[in-house]
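Two complexes, one shared chain (subunit A), two partners (subunit B, subunit C).
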Partner chain A sequence: MLRRLVMGALRPNSCVQAAHRLSTTTESSPSEVEQYSSDGFPPPVVLSRNLEFPTNDGRKRMAWVENIDTVQERKLGMIDLHPDIFAVPPRIDVIWNNVHWQKLYRKVNLVQVNNRAEMIGGGRKPWQQKGLGRARQGSIRAPQWKHGGIAHGPRAPTTRFYMLPIHTRLYGLRCMLSVKLAQDDLHIVNALDIPTNEPSYLEDLAEERQWGPSVLFVDDTDVAPENIAIAADQIKHMNIMPVYGLNVYSMLNHDTLVLTLAALERIEKQILYFMHRTDRAKLAEKFKTSQV
Partner chain B sequence: MATMKTLGFVSGAGFKCLNRILGIDLIPRTLPAIHSVPVRYARFKSSPLISDDSTQYTGFEISRNPEEWKFVQDLLPQPVIKKPSPKPEYPSGWKPQNPPADSPYFIQRTANHMLPVYLKRDTPRGVRKRTVVRYIQGDVWALEEELRAVVSKTYPKDIFNTMVNEVAGQITFRGDYVSVLKAYLESKGW
Partner chain C sequence: MATRGYEKALSMLKTLPRVGLFNIAPNPGFVKPSKRGRGQHGGDKHGAGNKGSKARQNYMRTGYETSLRPYYLSFTHEPYYLGHHLKRQYPPLSLGQLQLMIDTDRINAEKPIDLVQICNTGLYKINPQCKHYGVHLTDEGADSFKAKVNIEVQWATEPVIAAVERNGGTITTAFFDPPSLFALTNVKKFLESGEPIPKRMIPPEDAISYYTDPKMRGYLADPDQVSWERLVLAQKYGYSLPKIEEDPNYEMLTLRKDPRQIFYGLEPGWVVNLIDRIILKPTDPELQEYYKG
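After this line comes the complex of A and B, so read on.
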């Protein structure tokens, strides 16, 4: 019953799903939970999570869990965040590395210039080798000629693809999440359910809570609830993204990052797994284009 | 058998020479079909299969006991690095972290539960060496001062420089002082 109360407070519509998503979450004291405030909602609950790979350095990060089913903010609870992900130093160099890589790897250079073989003409020797007192020349399209071909010019398509080491990519994500939290630009919500599909609802919400103007919503599924999908589709600076698409550049591009509880769990689980894998040395090997 | 199949594809002057040298006819009379795949197994596969004579093998029995399966599980590779089980002493000499209270800084152990003190070289196989202490939280400068004193005391004649990267939480020493720093940090409980 106690569990149901907490879960009900977090997501009134689907207790089962919320319970599944909060599998590692345990509620604190029963007396806190059962007292209802005057507006009929239970007061905020401190949800202490069992963090995997706990640290012993005394760093502690916590965040409020909010609702977005009303424009007015209602705090649903407070949760612990893993310090190795949300309390790492803001390495701007690592963030830059990630952004630079994300900008470059997708680029293909299509600029191409003609070399001497591709120019028209130039097959004939312009003048004889000896006897004229002139420099010996073999073709009017040689690179030293005006209107000649270009030696070592750009050849298309040239890819700018390269792979950033996986640990730099992970560190970039951790830095960016820490920076967002430190700057109060990280918000955690219980679910992405909103009552209407009007884009003005999201705008009002952002205005009321001083989010944005650009907001990135992240959920662990790639099928967003219909209302928020329709609403965010009409606002160019509010976007929805699944956890597997989370990246440094997008986080940097948006002022505010909104994670669902499920997304938070997934992000923490994945990053911690990669940080503590036994085959980290193999992961860090040089990227080969033939690899899967 | 495999050899014959493979060689069936190879024909020409060189092979005829081989025939002459060996004195045998290696080219089969009927060449295999072109579309057949040449069989090039490793030696252990091209050798004939051992007969199904159970007397040649060590005896075994199939067990489905979960208690016994635990011993197998211990041998399987672990997906993540686990925290070592607490013991009074470890055979390798490794010690778990026992950080001192009220320290202005904190040194985090690596994912492998080791001290983050590394030897780096400026160039691969070069002679210029650097010692890097990583994962420092809090007052990096206090730790730098402390470690400088330790190195100076151990090697009074050495002239070395240090570099502090406060954002990254790293201290770099010019020179190889890995053993000294590791021993000192371990003695302090880091």
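After this line comes the complex of A and C, so read on.
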């Protein structure tokens, strides 16, 4: 399914770059350009995308592509988003499941208390069984005794590790992206290139565009551009993440999510691949620790 | 566009507070409290009741009826299920399911269909360890079966054979012994093991009659008799048998495996190296003779 969008917008050089980075993105034909420029608008940007695994239920999601090389916002174009990723039922409980799993799977309990056998002493019967009029006792370290051992206390190391089923993890990501888009907290930029490495630039940018205050930038490269890396490093609530690290907790933890075009392409490709692979049933089998 | 409930939910989210770590919650009842209570009286009985056999969690052995003589001792031996665990099983696949797989591009009907193609759809479950000996193609959806296929199954009945041949397709029933089934049901795992492709063994005694029967399109039946029975079945079910000799896919429709062969295009004794993408064939005359015979 080919979706074509004609947008009257400014057309800087960076947008051409954006179109090149997005592999399935093509530009408009000259006739369409003339049609819109006759109204006195600048030449439009036409971005059309071939969405893989298209849906036929009429759902449609679109987003602006912005720049971040100026504080003032410029719309560079508009692109289609896949409705199976950006328009799914916003299941808050699935999001909670993902967050709960992310918090727990790394935890190991290292607290251990001594039981009655591990306490020092207590091997001797404190007093004889009969004849004293006292309660029968076998050890001074029994759990009912002061300074006795602890019954059913925490034992270390106890791992809290468990694996959320892969399709719940994927659904969590899709829910979270849908929620971010619905709440206008998802922004798509052409690239993460900013002109200066001053942290104030990013703060001004977020202020001007009503982002954040906390912002998560996601790109598909391991190494972010130098300027934004230096600037974001000095602001604790602005972080940069490679696309393979995208997770539900971090998206919730930041108010605004900023994706580059390349990151968006990668997210869609990867999630759709997992949604439509033929061995889905095998993937959904119970996770065994021995399989790693 | 039909209005969906969650479209409304997503549009409501626009005006609701931002979803964050602080305002998400699981479904009510999802988080179950620990079974063992804590505190002064929390851990008293652990829900097992007061005193007696139940409180001591004395679970009796299966079939034990306290003071009575258990039923399995009261009655004499009745071998209803004698040898049941040894019987061959054929997990079913209906013609309707097969048609759906073809329509949704899970199976390519332009190529011969065998157990490998069916397992690769990911929609058919089979486990040779559970005495599963292959596909039983059932007649559910036979009326709407429209595909022209060359299919090899392990068990089929007369209406199924008629439904396939009515469309100009061909069907064979073929037996595979368990080692061959392990290879067929998970081809990648088998080829990665580096073992030579085994030769297919002949069916067990009680299955010989089925797989040599031309009416059942057995793979050991005489081809001339099979073509005669195709005609007989067409007349019995009242359809005109399409001439596969004039079909453009004649080669594909009449492709059959050798009775010793497991995979199309691969012979027993060959080793497939997936990494170097080469096939190693036995050169020792003794081995060649073994795999031929």
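The criterion applied here is as follows: the second predicted complex is superposed on the first by the 247 of 292 C-alpha atoms of A that agree within 3 Å, B and C clash if a C-alpha of one lies under 4 Å from a C-alpha of the other, contacts with A are read in each partner's own complex, and residues count from 1 in each chain.
To be clear about the criterion, contacts are C-beta pairs under 8 Å (C-beta built on N, C-alpha and C of every residue); 3 or more make two chains touch, one makes a residue touch a chain.
None of the values given here were measured: they were computed from a predicted structure.
K.L.:
Putting subunit B and subunit C onto subunit A via the overlay, clash or fit?
P.N.:
clash
K.L.:
Please indicate which partner A:Y273 is in contact with in the superposed arrangement: first for subunit B, second for subunit C, both, or neither.
P.N.:
The first partner, subunit B, only.
K.L.:
Report for A:P126: first if it touches subunit B alone, second if subunit C alone, otherwise both or neither.
P.N.:
neither
K.L.:
Going by the contact rule stated at the top, is it subunit B or subunit C that touches a larger number of residues on subunit A?
P.N.:
Counted on subunit A, the partner with more touching residues turns out to be C.
K.L.:
Per the contact definition in the header, classify A:L252: touching subunit B only (first), subunit C only (second), both, or neither.
P.N.:
second
K.L.:
So, A:P195: does it touch subunit B (first), subunit C (second), both, or neither?
P.N.:
A:P195: touches no partner chain.
K.L.:
For A:P154, is the partner it touches subunit B (first), subunit C (second), both, or none of the two (neither)?
P.N.:
neither
K.L.:
So, does A:D57 touch the first partner subunit B, the second partner subunit C, both, or neither?
P.N.:
Once the two structures are laid over each other on A, A:D57 reaches both partners.
K.L.:
Classify the contacts of A:S178 with the two partner chains as first (subunit B alone), second (subunit C alone), both, or neither.
P.N.:
second
K.L.:
For A:P143, using the defined touch cut-off, is the partner it touches subunit B, subunit C, both, or neither? Pick first, second, both or neither.
P.N.:
A:P143 sits against neither subunit B nor subunit C.
K.L.:
With both complexes overlaid on chain A, does A:A281 touch subunit B (first), subunit C (second), both or neither?
P.N.:
It touches subunit C, and subunit B stays clear.
K.L.:
Just one of 170-178, 224-232 or 278-286 in subunit C runs into subunit B once the structures are overlaid; which is it?
P.N.:
The listed stretch with clashing C-alpha atoms is 278-286.
K.L.:
Both subunit B and subunit C contact which residues of subunit A?
P.N.:
The answer is residues 57-59, 89-90, 92, 278, 280 of subunit A.
K.L.:
Please output the residues of subunit C touching subunit A within their complex, sorted ascending.
P.N.:
Touch residues, subunit C against subunit A: 1-2, 5-7, 9-11, 13-14, 16, 18-21, 24-27, 30, 36, 43, 106, 120-123, 125.
K.L.:
Help me check something: in the complex, which residues belonging to subunit B touch subunit A?
P.N.:
Listed in rising order, the residues are 77-81, 97, 99, 106, 108, 111, 137, 167-169.
K.L.:
Write out the stretch or stretches of subunit A touching subunit C in their complex.
P.N.:
Residues 57-59, 87-90, 92-93, 95-97, 99-100, 152, 178-179, 182-185, 249, 252-253, 255, 278-282.
K.L.:
Touching residues of subunit A toward subunit B in the complex: what are they?
P.N.:
Spelled out, the residues of subunit A in touch with subunit B are 55-59, 89-92, 273, 275-278, 280.
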